[in-house]
Every structure is written in C-alpha cells, then in structure tokens.
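Before anything else, here is the set of structures, which you'll find just below.
The two complexes that follow have subunit A in common; it is paired with subunit B in the first and with subunit C in the second.
Then we have the complex of A and B:
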C-alpha cells in the first residue's frame, strides 16, 4: 500500500455511490454476498447486500460464518469462490459444427461477456490474477475468452482487515496489503461509530471514477489507521509457508515417504484445484446430437486429480493418488516457477479450507522440510 | 454424410429393477420423437406393445441378476446384441436389492413369502457385467436422461460418450455450490461418488447419497474418518455406504469394514 498523496476518504454511502457509478458506466458489479452459509461472489446492486457484520471461521476442511461485534462490510477472509469463476469460467462453449447439404460448417460461438467490476479484490487475489495473466495471456496463444473478460474488468481492491485461519499471504509475499494491479483500492476504517473507507486510485479510469464520488481528502490519521489495519492483519495469519527454497526442496524429494502419507488422506476429489484462484486447467468436451446434424465443443475446468486428466494413448499416466497429489503440489510450488517465473501459490488458503479432509499445503511442505532438515528418515 | 438406413435397432431390457431407468427414456419427452427418429425401437415393453425378435444393434439393459432364469436370459440378450449398455445402479452394481448379499436369502424368503418353497431365486443380486461382457456402463439411481441421450447420441456417431468419472465435488464447484460438508458439517458422499447427477443433492444443501456409485480412485477410508469427525456414528456410516450401490466394491468394502 502506497502512502498515496491523493488518498481520499469516503463513507459507506460513498461506497454505494461507487456501485452506482460503476453500474452507470456499464459494469456488472460482482462482490461478496451471503449465500448458503458462506460468503460467495455474486452480482451486487446495493451495499446492504454485502455481508454486513459477518465474519468467517476457517480451518482445514472447516468454514463457518460468525457474527461480528461491529458492522464491518468486509470483515472476513476469502470464501469458496474466486474471481476465476468470472474471468476463466467453469464452462465456455467454443464452437459448433453444423451439417449443411453434405458440407460441414463451423460456427464459432460468440463470446460477449459482460464488463465486470469486482468489489473487494484482496491482495492475494490480485496476485492470482497476475499469475493467470502469465499463464493465459503470455506467449503465442493468449486465451481470447480470458482476455476479453480480464482486460475490460474494473478492480476495486481491498486491503485486508481480517486474516482467515488458513491465510498465509504474508509468507507468500502477496499480501495482505494491495500493491499494484487495481483501479481503486479501499481500506475499511472502523472505529466505534466512525465508519469510512480510505480510497486510492491505481489507474486513469480509477481516478475518473473516484472523482465522481463524494469524498474528503485523507488526513494523516486516516493513513496511520489504514496502515494499522494491514499490520494487524499481517500479524493474524492463520498459517505460514516455511521460508525455504521450496522448488528445490520438493524436486529433490520426489520419493519422500510423506507423499504416500498425504495420499492416504487425500480423496482425489479435485476440490483444491477447483477453489484455487490460479489453477487454470481445462478439458475439451465434444458432443453431438441424435441426428448427427450438429456437434459442439466446449471447454470446462479440469483437475490433475482425475484419471482422465493424464489419459494418453494406452492409459492414464497418473493412476495413484500419490502421483496426482505430488503432481499438483510440485507444479504449484516448484515447476510453476520454471514455467511461469513465479510460484503458483498466493497463500489464500482456499485449498486448505475447502479440502473436505483438511489437507494443508503449508503443513505438507513443512513436513518434508523438517524431515529433510533433521537428516531424513531411515 | 447422412446416416444410411436402416436405422439401428434398439432393444430395452429389464431385469431386477424398479423400471425407473427405462422411464428416464420415456421422460425424454421433447427428445423422445428424435430418439424414435434416430433408432428403430424394436423392443421396449415399457413403451410399446409390439415385440420384434431377432438381433439388436444397441441393447439398453436395466436391472440386476437375481434369479437363475435371469442369469440365462441375459446371456440370450447378449447373444442378440451388437452393443450392450447397462443403465442404472441395479445393472451396474446390483442395486438396492444387493442388500441381500449381506444377509441370508432364506431368512428374507421366510419373512416375506407364505410359501417360500415356490420361490426360485439366487442368494445374490449382481451387476450384469458379472454375467456377460458389457460394452458401456451408465451409472445412476436413476440414470440422468441427459446422460442417456448423450450415450445414445455418442453410439450413433461412433464416439466416446462424455460421462466423466470424476467426483461429485468437481460438479459442485462447476456449479458454484458451497460445500455442504465444509461449510455446514453435513455428511456427504460426494468426494467418492461418480459424477452424473450434476451435483443434485448438494445443490439443495443436502449431502450426496452416492446414487452414481464410486468415482474412479475413491478413498473411502479417509472419507469415513472425516464423517466420524463430523459426528456420524459407525452404524450410521455403514448404512450411508450401503444403499443403491451397496455392492459396488469400494462401497461394499467400506461398509463391511464397519461391520467388524
């Protein structure tokens, strides 16, 4: 978080104005909402739809909503959804083939996604978007579906005021303070009856949107309070990733007994990869109709925890859960660095919380690290 | 290339079952006439009175094998069928009636029938694949009509049907469901259950009952441990695993482990 000279302060009513301004500019505003006893990302029209006065309790395989003692609008950590759901949707139809007079005609499916404005994007989530940008936009084959959604999105970021029980962004150096890649960044300031948001812009459009909001210039006291919010969050991380050279640690220990131990607990259900904001893998599904007149190809999220994922001529390459878990974790934390120049993990903790049996990626790294550091097992 | 006549002949066969899976074909409603246009429905006692003998290009087989007569009959169906597809939990896993496999059939007969001596039945209910070669198994209790249409459409153009073997969890996440086990503490078989229902029960905040049987590579032991932590007792867990797919191996093994 920069100590931006141009920082402003808006009230909760000002936040409603922000939603209105974004809507008026043609954005579909998506933000946190309560649904099915969790905080998910969905369309928002008013700030009263935000999870006012709620927080969450998170641990391995455990998530529960709790009431807060205040009326904070953003007093919780990340939930089961990530922005990936909107930028890299679970299913996208790609094309149809139609049979016309004995000729095959290929018809691209027109992809006209809405212009999204995301409200409350955490630092770890911005880091995840940066990683998906590297994966899906760089090189010769940029993903046009991701590109059209990503490039037109307006990001209202949020300095985290609450760390979850499975958060470890601090040890991944991705948060809890927002650094770059946003249009606007908010810090929620709540002191008794005083409820305000420090706002800074990070882009031209952000600046223009901010100019339309009722605001006051931030005082030094606001800036100090905002720094305190982030520092308190930083000191409340529920988890931490061991500070070591993780790629080498994992790649040097591909036969470590810990892989078999985690496989005994792992359900290979794919939940970790689905909730991960950086996991990007997809498969193609081809279907045809009863008459054989039309065929369709669509893309859907896939996971390295399935057998089909590594199916090649002759069978699946990774039939055991051990090989699948190891593939996922070594890719996420080690070979991802070789491939994309960054770790694939941002420390959001979703894979820990939403694993039905609570497998903890930080604990798995620590187990191998501690064992190797102590000379290894017999 | 237009499909050449004659249309493939379809037979639908019933063994020990509730008819629910066959009804999925009739439930197709909007698509039913298109099915009838694409195949010659040559044998389907549930829907037609006409019966055509001879051979079938595609046989859909519902139900499990529970009698010596049916054990013979399925061999006849196999001989008459070019491609044999089993549909539903009875045909693919033995069905709910496979609960008999865990008990003494004579006790059941004595309890149910006034004159059990007239009953000729096997001591087990077993899937079709235990008796004859099966070309494709479509899971579910009941099967999904969309998947049935997918299997028939795939058969007609000679491609693989899109019926992935991943967990119900993956479908929950595609739909954006909140995990009922993690967020509500509701016991759920989704992590070891085969995709196909589009995560129907969790979408209504219920745990998965395992209607589509085991997914590939399930880990029942780890799931049981978690269910135990969620407060589901041993006897309750045994019943959880022992329903429509009780005789499917991973479910059977895990329920038997709960007996000892």
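Then we have the complex of A and C:
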C-alpha cells in the first residue's frame, strides 16, 4: 500500500454511501454475506448485510464462524467463494443448435452480464484476477464471456485486517497489502468506538466515485494505523510456502513417493479446484430436447480431479488419484509458470481449508523439498 | 465457440469401424488448413471431438476426415450419411514443420490410424517434392487387414521418389511383407540422422519406442516431431483438458517437437 497523499477517510455511513453511489451508477454490488454458516459473495444492498462482528476460524479441512468482540465489517479471511464465480461463472450457455429438415443451424446465446462492483476484494484475489486475465484474455483468443465481465467490473479492494489460519499470501508475494489493479482500496480502522475506513483511489472511475462520498482527508495517524493493520496481518499468516525454486523441485521429482502418499488421503473430490480463485478448467455440456429438434451447449466448470477430464478413446489418461493430484499441483505451481509467466497459486489458503481431509499444498511442497534436500529416502 | 454447419458430401469405409468423410461447408466456401491441424466436429446433441484433417491441403473445396468409431460422438460420425450436417470448428493447432523441413530428408513414421494426420504432410511433400531430400515412409499396423489407405500406400510404394516400408504386428501365411513393430525398422534403415526431420504419429507407446529408436540412430530431439493426443473441449487453450506438462496440445500442438516433451512421454498417467 502506497502512502497516498490523496488518502481520505470515510465512516461506516460513508461506506453505505459508496454502495448507493455504485448502485446509482448502474453497478450490481456484490460483497461478503453470511449464508449457510459461511461467508460467501452475493448481492449486497446495505452494509448491515455484511458479516458485522463475525470472524472465521480456518485450518486444514476446518472452517467455523465465530463472534468477534467488536463490530468490524471485514474482520475475517476469505471464504469458499472467489470472484471467479462472477467473472468466469460456473455455467455459461454458449449456443443452441436447431434442426429442421435434417439441416442444422447454430444460434449463439446472447450474453448480457451485469456490471459488477465487487466490495472487499483482497490482495490475493486481485492477484488471482491478474492470473485469470493472463489465462483467458492474453492468449491469441480472448474469452468474450470473461472479458465482458472483467472489463466492466468496479473493484473495491480491501487491505486485510485479519489473516486466516490457512493464509499464506505473504510467502507468495501477493499480499496482504493491496498493490495494484483496483478502483478503490479500503483499510478498516477500528479503535474502540472509532470506526473508519481509509480510502485511496486507483483509477479515474475510482476517483470519480470517491469524490461523491462524504469524507475527511486522512491524517498521518490514519496512515500509520492503516500500515499497522497490514503489518499485523502479515505477521499472523497461518501458513507459508517454502521459499525455494518450486517449479524445478516438482518437475524433477515427478516420481517422488510423496505423490502416492498424498493420494492415499486425497478423495479426488475436486473441492480444491472449485474453491481455487485461479483454477480455470471447464468442460462442455451438450443436451437436447426430447423431440431432438433443439440441442444446447453450455460451458461448465470442470476439474482435473475427475476421471472424465482426461478421457480419450478407450479410457482416461489419469486413472489414479496419484496422477490427478500430481497434475493439479504441478500445474498450479510449476507448468503454470511456463505457460503464463506466474505461479498459479496466490496463497489464499482455500484449497487447504476446504479440502475434506485437510491436505495442505504448502505441506506437500515442504515434504518433497525436505526429503530431496536431505538426500532422499533410499 | 459457435460451430459452422457442414454437409457430408461423400463417405467411404476404410477399415472395420473406420470411415472417411468428405465435408463441405453449407454457407461459406472451402477453407484452408496446414498439414497436421485438426477440426472439432459436433454431432447434434451428442458432443464434439477433435479429428485430424487427413485430406490434401491444396484442395480446399472439401474437408476430409478419417474417423474410427470408438466413443459416443465418433460412433455417430462414422454412421453419417451423405447430406447429413454436423457442426465444425477449426482448423486448430500447430501442424507438421513442412517449411522448416525444406532442404532436409523427411522420415515419416506412422502407426495404425496415425497415418491419417500424416497423409496431408505426405501430399504436401509430393506436391513440393523438389524442396525436400529423401522422403521415407515407415508404416506399421496390427495386421494386413488393418492397413489404412492400402491402395494409396501401394501407389506411393511404386514411386521412385518415395521410399515406403510397411510392417504388421502379426499376419497369416499369405502375407509377403514385413512382420514386427514399426520402431524395429529403424535400426536397419540407411538414412542420414543429422539431416533428417522425423514426423511421427501413432499410439503413444509406439511413439515412445520410435523416439527411442530415432535418438539411438542419432536424430536430434529438436528434429523429432510427434502428434500428441489428449482430451480437448475448447481447442482454444482455455478449457485445460489437453495439458501435457506445460504444453496445451490444442494450441501448442498437436504437433510438438520432442525436446518440448522430453522426460514426460515415458511417465505413466501423465
């Protein structure tokens, strides 16, 4: 976070005003809400719908909501949702095929997504968006569905005030401080009865929105307090990724016994890929009506943990859980770097928290690293 | 992502469950392709599969695909009748290094149906014969009854500017030709490994052994090209299904040079 001379301070009422301004500008505001005993992302009309005074307890395969002793609006880490579900939705209808007189014609489904404003985008999530941009926009073919959602989205970023038990953004160098790629960035400042948000703009649109909010100029004390929030979060990370050349470590150890050991625990359930903010794989789903007159094709999230994922004539390439876990992790941490110039992991910790058996990607890297550094097992 | 309707002009049977389809775009004219590229073919309500182009790239009026019926989509494809329509997207992918191979000898090694994606390369070599050195085709398949494009292979074998060797895994007594797997032909072949570009397509195990034999003979990894096969849904590098290490087979391949996949081809379930 830069010490922005133009930093302003708004109150919680000012935050409500931000929601109103964004709505008036035609955005559909999405933010964190409590649902099914988790903090998820959904449409938001008032700040009272935020998880006020709640936090979460996270560990491998463990997620519980807890009351806080204060009335913080953003006093929790990321939940099972990521913004991916809005920018790269779980299911998109692509086209219809219509058959008359034995001839087929194709009718594209019109895609008219709303203009989203996301409230409370963490640094790791901005990093995840940058990664999905590289995957879906920067090749020789840009995904029009992602593009139309992404380009028009307004991002209200948030410097994290609470690190989760499975967070490791600091060791992935993606957070907890927000650096770039936002329209506005907030830091929640809570000191006894004093509740305020430091706000900085990062785009022209952000500046215009900020100008419409009731605000005070930030004082040196506000800036110091905001820095302290981020530094406290940084020192409370629940996990850390080993600092080593991970791509080479994994690709040089594709037959390491650890892959079989982790496969003994892995259920191949695909949760990690569903909650991951960067996993982008999709499949095509073809359906037809009972008459056989129209057929539809949709794009739907898919996972490299399923058997169908690698199916070619005669069977799947990756039948074992060992091979699927190895594919997922080597892609995420190694081949992703060759493909897109960045790791596919941002250190958000979701795959650790939402793994039903608590498999921890940082622990898996560490196990191979430590074993190889100590000369292996033979 | 939206296919274009194409009509089946003609179809003929090549082998048991293997048919060749000649497709013509319903609205637009023909379209060009590079030898080694593929199209995504969609069957109404059933799904879409990648099928390599197996015709002559210099004839763009019709698109030729040789298909083996093995799954839900391909079984429908081989049952199509002239006049039926299917959806087509493509052509996609990186094909055979026809330009880079100019001036060199070309060694084509095909196994089974792997001859289909190589046939456009063979046509190209014959059309531009003067640009290449020796052209050698080694073809292996299971039995004499499984020889794909048998008539054409026989014609090619008659040509003075094309060296053709065919081998089968097993045969009954009336087979006069070679018996054995196709990589076994390589050690007996008299060729210049330093000035040869190898183009290989077949089952993965056949390609693995062929690469080993080519390397043993002294061909550089960068001069060995393979056509890979993986599950594909989008053909645009976005669905993730076709990854082989850092290679997206759909857009970085299907034809890749061996140095790109070195160390990975021999891994089980990679």
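We take it that the second predicted complex is superposed on the first by the 374 of 378 C-alpha atoms of A that agree within 3 Å, B and C clash if a C-alpha of one lies under 4 Å from a C-alpha of the other, contacts with A are read in each partner's own complex, and residues count from 1 in each chain.
Heads up, the rule we're going with is that a contact is a pair of C-beta atoms (placed from the backbone, for glycine too) under 8 Å apart; a residue touches a chain by one contact, two chains touch by 3 or more.
If you're wondering where the values come from, they're calculated on a predicted model, not measured in any experiment.
S.K.: Using the superposition on chain A described above, determine whether A:304 touches subunit B (first), subunit C (second), both, or neither.
M.R.: The second partner, subunit C, only.
S.K.: Tell me which partner A:102 touches in the superposition: subunit B (first), subunit C (second), both or neither.
M.R.: both
S.K.: Would you check which partner chain A:357 touches, where first means subunit B only, second means subunit C only, and both and neither mean what they say?
M.R.: first
S.K.: Looking at the overlay, what does A:286 touch: subunit B (first), subunit C (second), both, or neither?
M.R.: Both: A:286 reaches subunit B and subunit C.
S.K.: For A:265 in the superposed arrangement: first (subunit B), second (subunit C), both or neither?
M.R.: In the superposed model, A:265 contacts subunit B only, not subunit C.
S.K.: So in the superposed three-chain picture, is A:374 touching just subunit B, just subunit C, both, or none of them (first/second/both/neither)?
M.R.: neither
S.K.: In the superposed arrangement, does A:317 touch subunit B (first), subunit C (second), both or neither?
M.R.: second
S.K.: Please indicate which partner A:90 is in contact with in the superposed arrangement: first for subunit B, second for subunit C, both, or neither.
M.R.: first
S.K.: After superposition on the shared chain, which partner residues are touched by A:37: those of subunit B (first), subunit C (second), both, or neither?
M.R.: Only subunit B is touched by A:37; subunit C is not.
S.K.: For subunit A, which residues lie in the overlap of the subunit B contacts and the subunit C contacts?
M.R.: The overlap between the subunit B and subunit C interfaces on subunit A comprises residues 102, 286-288, 292, 319-320.
S.K.: Touching residues of subunit B toward subunit A in the complex: what are they?
M.R.: 1-3, 31, 34-35, 37-38, 149-150, 152-154, 156-157, 159, 162, 164-167, 169-170, 173-179, 181-184, 188, 190-192, 205, 216-219, 221-223, 225-226
S.K.: Quick one: which bits of subunit A touch subunit B in the complex? Just the residue numbers, please.
M.R.: Touch list, subunit A to subunit B: 35-38, 40, 61-64, 80-81, 85, 90-91, 102, 264-271, 274-275, 285-292, 300-301, 303, 306-308, 319-321, 353-357.
S.K.: Under the touch definition given earlier, write down the residues of subunit C that touch subunit A in their complex.
M.R.: 1-5, 26, 42, 44-48, 68, 70-71, 74, 83-87, 229-231, 233-234, 236-241, 243, 245-246, 248, 251, 264, 267-270
S.K.: Please name which positions on subunit A make contact with subunit C in the complex.
M.R.: It is residues 94-95, 97, 99, 102-106, 108, 135-136, 139-141, 143, 251, 254-255, 280-284, 286-288, 292, 295, 299, 302, 304, 309-314, 317-320, 322-323, 327, 330-331, 335, 338-339 of subunit A that touch subunit C.
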